[in-house]
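Before anything else, here is the set of structures, which you'll find just below.
Shared between the two complexes below is subunit A, which pairs with subunit B and subunit C, respectively.
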Partner chain A sequence: MEGFELLQQGAEARLYKGIYLGKPTLVKERFEKKYRHPDLDKHLTKERIKAESRAIIRCKSAGIETPTLYLVDFTKRCVYMEYFEHSITAKEFIKNASKDFIERLSYEIGVVLARMHSNNIIHGDLTTSNILLVNKSGKDDFMTNYSDLKVVLIDFGLAYIESSAEDKGVDLYVLERALVSIHNDPEKIFDLILEAYKSSYKKGHVEVLLKFEEVRARGRKRTMVG
Partner chain B sequence: MTYEQPLSAATNATIRIKLFKNVKNVPHLRKQIISGALKCCIIKPNLIVDPFQIVVAANKALTANKMTTRTMFAEILFNLSISKNITQSLQKFGIDDNEKDIIVVVIDKGDFSDKVHEVYEQIKGEEVDILCLKDLTDLKEVKKAYKLSDTEYEKLSILDSVVSRIATKDCI
Partner chain C sequence: MVIAIGFEGSANKLGIGIVKDGEVLSNCRRTYITPPGAGFLPRETAQHHRENILEVLKEALDEAKIYVKDIDVVCYTKGPGMGAPLASVAVVARTLAQLWNKPLLGVNHCIGHIEMGRLITGAENPTILYVSGGNTQVIAFSRNRYRIVGETIDIAVGNCLDRFARILKLSNAPSPGYNIEQLAKKGKKLISLPYCVKGMDVSFSGILTYMEERANQLLKDGYTKEDLCFSLQEHVFAMLIETSERALAHCNSKEVLIVGGVGCNERLQEMMDIMCKERDAKLFATDERFCIDNGVMIAHAGAEMFQSGTRMSWEDCTITQRYRTDAVVTTWRRE
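Moving on, here comes the complex of A and B:
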């Protein structure tokens, strides 16, 4: 990865940042797993890259902001996508922003999730680190003017298409858990998110919220009993 | 005037995109391209939102392990389209003999830079700034060609949507 700087190394992939085709670019390289049979590894990686790209495109169709894709390279196991230079994670934002800004963000997250779930897209890893606020006028300022910001969803590595209320409920639950760890009044934020979610997901929210309560009662994993 | 962009480092190539108006010898140029005498790709401007759209399609053509079409220039046209049908793709993004305004794409690999200029000498038309492309784009047709939903068309950047569709052509 010449000219690219390693940003992060995870269990599944490495993230690099650099300039590609003249644009600030993030490269997600799903590196080879030596413990797997090479054929199986190649196949799994290809399917995962496809699933991730498909979810991003499906989100775009639903009008949700996601990174633009520049190149999908199955041989090099890389996806080249837009890097948001002037951005902050929802996690950092919530830690520092004013009450008013946090409320506006909560509402917006609710609307975006409603749109995503009504299109049967399950994010699969909906944490506050995977929700970005991007400054549209190219400044590193996130606390002055809320209308300068747009909400972008990232990391669709675990995303899939599913219509079941159960999986949507789990998405909400993961987000709730993420909020608990960063804010002293997470309930307030989450209630606002749910309120917006309900009012923009008129057809399906009742079922999802029932499942969500169920998931919350037992934890994210299905019970192993029986 | 010209849009110039080095492609993926491994390709060692630079793309040059120019816009010509009122071209008089389109049928001749077409024949030359089909016979392989003219080393360039000519694109109909109405479905192109921005030169970057062509950059992404060309980069995909040059980085691919195996191409779907026979030449690099046909591959660029094929990649611009989300259809897997070669003939349809070439018809949609390529030119017909009645076209007057054309986008000319040249891939410069550094080794035959003289030939690159030969291409431009063949074109009997007026070169205009590539920025004028936006006056020729038919956004409604773009929306149709890339199957963009109403919500997406209204809410998101058209160029970003189109570029992402091109990049994921073989994922969908």
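Moving on, here comes the complex of A and C:
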């Protein structure tokens, strides 16, 4: 990756930062997973690049903030997209932000998820690491003025299009579990997310939340009551 | 100094082990093996445990070269597992605790695996992949509990392998998974199968159904049993490594520990090792003595609980088929 600087190696891909066509660009290289059989690896990578690109475009047209897609290169297993200079992950934000800010963020996440699901987009890997807060005024300050921040969804590597309540329920369940595994007050955050989700997804939320409860109860070796 | 004896019988293995401050004094085991094409059922498995438990107990005590009076605590598997086998072993543990006049502790089976794995490998704070016939979980330690970060949303990976072995009528001795592993080594052609990862969670029921419906046709079409085993392993293990890797990244962890019966599969260990090397992480794994259900792990986890002051009242020393890993507060391990 000439002229590009390696930012980090995630579980899925290597992320590089650089300039493409004069714009700050993030390149996501789904490098070869040596542990997987090469055929399986090739197949999965291609499917996921396709799914990711589709979901991003669909989100854009639904008015959900995501990185803009610049280029897809199947042979190099790379996707070029918009890079946000002044951003932090929701995971980092929640660690340091005030209670008020965390509550406002939780609510906003709920609204975004509602919009995503009402457009039948399933993210597939909702965690607080995959939600970005971007400072619109171009400063690296996230703790003083909440109205400067916008919520951006990233990493659609496991995303797909599906209208069923089951898949939307699983999406919420994945997020709940991710919250519980790293944050200190997950219940409060998740309750606010659900509250916002309900009030902005008027038509579908009843069915989705029923399924969500069902998926939750399906967890293995849960103690049964009654 | 704590000497603990542990009784394990949550599935088809009956194990009794004795530990003295993390040193294994004895580790004895019997496995109930069913004919090819059949799985083990609760009633027969419980019967197997009842028939063998006294003999195994004698063996464990002889091998450890200790007197009964030296034992500080009697530990047994409280759950999760099959009801009848759990009960048959718990009855013996309860009786012995009364006869010998020792305190009794019910241990979570999953915690037993984790603590034994940490003891044997020396891993400090690993992300844990727990894979067996009844469980598939990715676990991380946080706020005094072993939290389940990801798990199967339907059947366990070992269950998927066992039932696949039944389709091919493979032998259940020493274990169906072992025989699949041996055949897979000779497999060449990769068949494309369903691949199902949902965030941190995995699902194996679809891939099993796919195999149940098509295995015979695939064999007629020129694929060998070896190819089928190979393809199945490659797919299900890739799913496990992928979720483990994601958990590793999510928790910023540098250690991976594999425990549970499927954990002694060398291909799984190899794949995990490749993944770990790519991320500068370290893999910890154990062999069949400690991966597969055993009594020592129950004794060791029980001893840790005992030392940190946990006591159980007689009324609490029951069994339960459903007992989640994250239901236990780790009194012996703080953050």
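The working rule: the second predicted complex is superposed on the first by the 199 of 226 C-alpha atoms of A that agree within 3 Å, B and C clash if a C-alpha of one lies under 4 Å from a C-alpha of the other, contacts with A are read in each partner's own complex, and residues count from 1 in each chain.
Simple rule for what comes next: a residue touches a chain if its C-beta (ideal position, glycine included) is under 8 Å from a C-beta of that chain, and two chains touch if they have at least 3 such contacts.
If you're wondering where the values come from, they're calculated on a predicted model, not measured in any experiment.
Engineer: Going by the contact rule set out at the top, does A:Ile49 touch subunit B (first), subunit C (second), both, or neither?
Structural biologist: The first partner, subunit B, only.
Engineer: Looking at A:Glu65 after the superposition, I want to know if it touches subunit B, subunit C, both of them or none. Which is it: first, second, both, neither?
Structural biologist: The answer is first: A:Glu65 touches subunit B but not subunit C.
Engineer: Would you check which partner chain A:Ser147 touches, where first means subunit B only, second means subunit C only, and both and neither mean what they say?
Structural biologist: Touch partners of A:Ser147: none, neither subunit B nor subunit C.
Engineer: Identify the partner contact of A:Leu40: answer first if only subunit B is touched, second if only subunit C is, both if each is, neither if none is.
Structural biologist: Touch partner of A:Leu40: subunit C, not subunit B.
Engineer: On the A-aligned overlay, A:Ser181 touches which partner chain: subunit B = first, subunit C = second, or both, or neither?
Structural biologist: In the superposition, A:Ser181 contacts subunit C only.
Engineer: Now for A:Ser137: first (subunit B), second (subunit C), both, or neither, which partner does it touch?
Structural biologist: neither
Engineer: Tell me which touches more residues of subunit A here: subunit C or subunit B.
Structural biologist: C
Engineer: Which positions of subunit A sit in both the subunit B and the subunit C interface?
Structural biologist: Touching subunit B and subunit C on subunit A: no residues.
Engineer: Can you list the residues on subunit A that touch subunit B in the complex?
Structural biologist: Where subunit A meets subunit B, its residues are 2-3, 20-23, 49-50, 53-54, 56-57, 60-63, 65, 68-73, 75, 80, 82.
Engineer: Touching residues of subunit A toward subunit C in the complex: what are they?
Structural biologist: Of all residues in subunit A, those touching subunit C are 9-12, 33-37, 39-40, 43-44, 124-127, 129, 158, 170, 174, 177-178, 180-182, 184, 215, 218-224.
Engineer: In the complex, go through subunit B and note every residue touching subunit A.
Structural biologist: Listed in rising order, the residues of subunit B that touch subunit A are 5, 7-9, 52, 55-56, 59-60, 63, 65, 148-149, 151-152, 154-157, 160-161, 163-165, 167-168, 170-172.
Engineer: Could you pull out which subunit C residues touch subunit A in their complex?
Structural biologist: Per the touch definition, subunit C meets subunit A at residues 79-80, 135, 137, 140, 142-143, 147-153, 156, 190, 192, 195, 197-201, 234-235, 238, 241-242, 245-246, 248-251, 270-272, 274-275, 278-279, 320, 322-324, 327.
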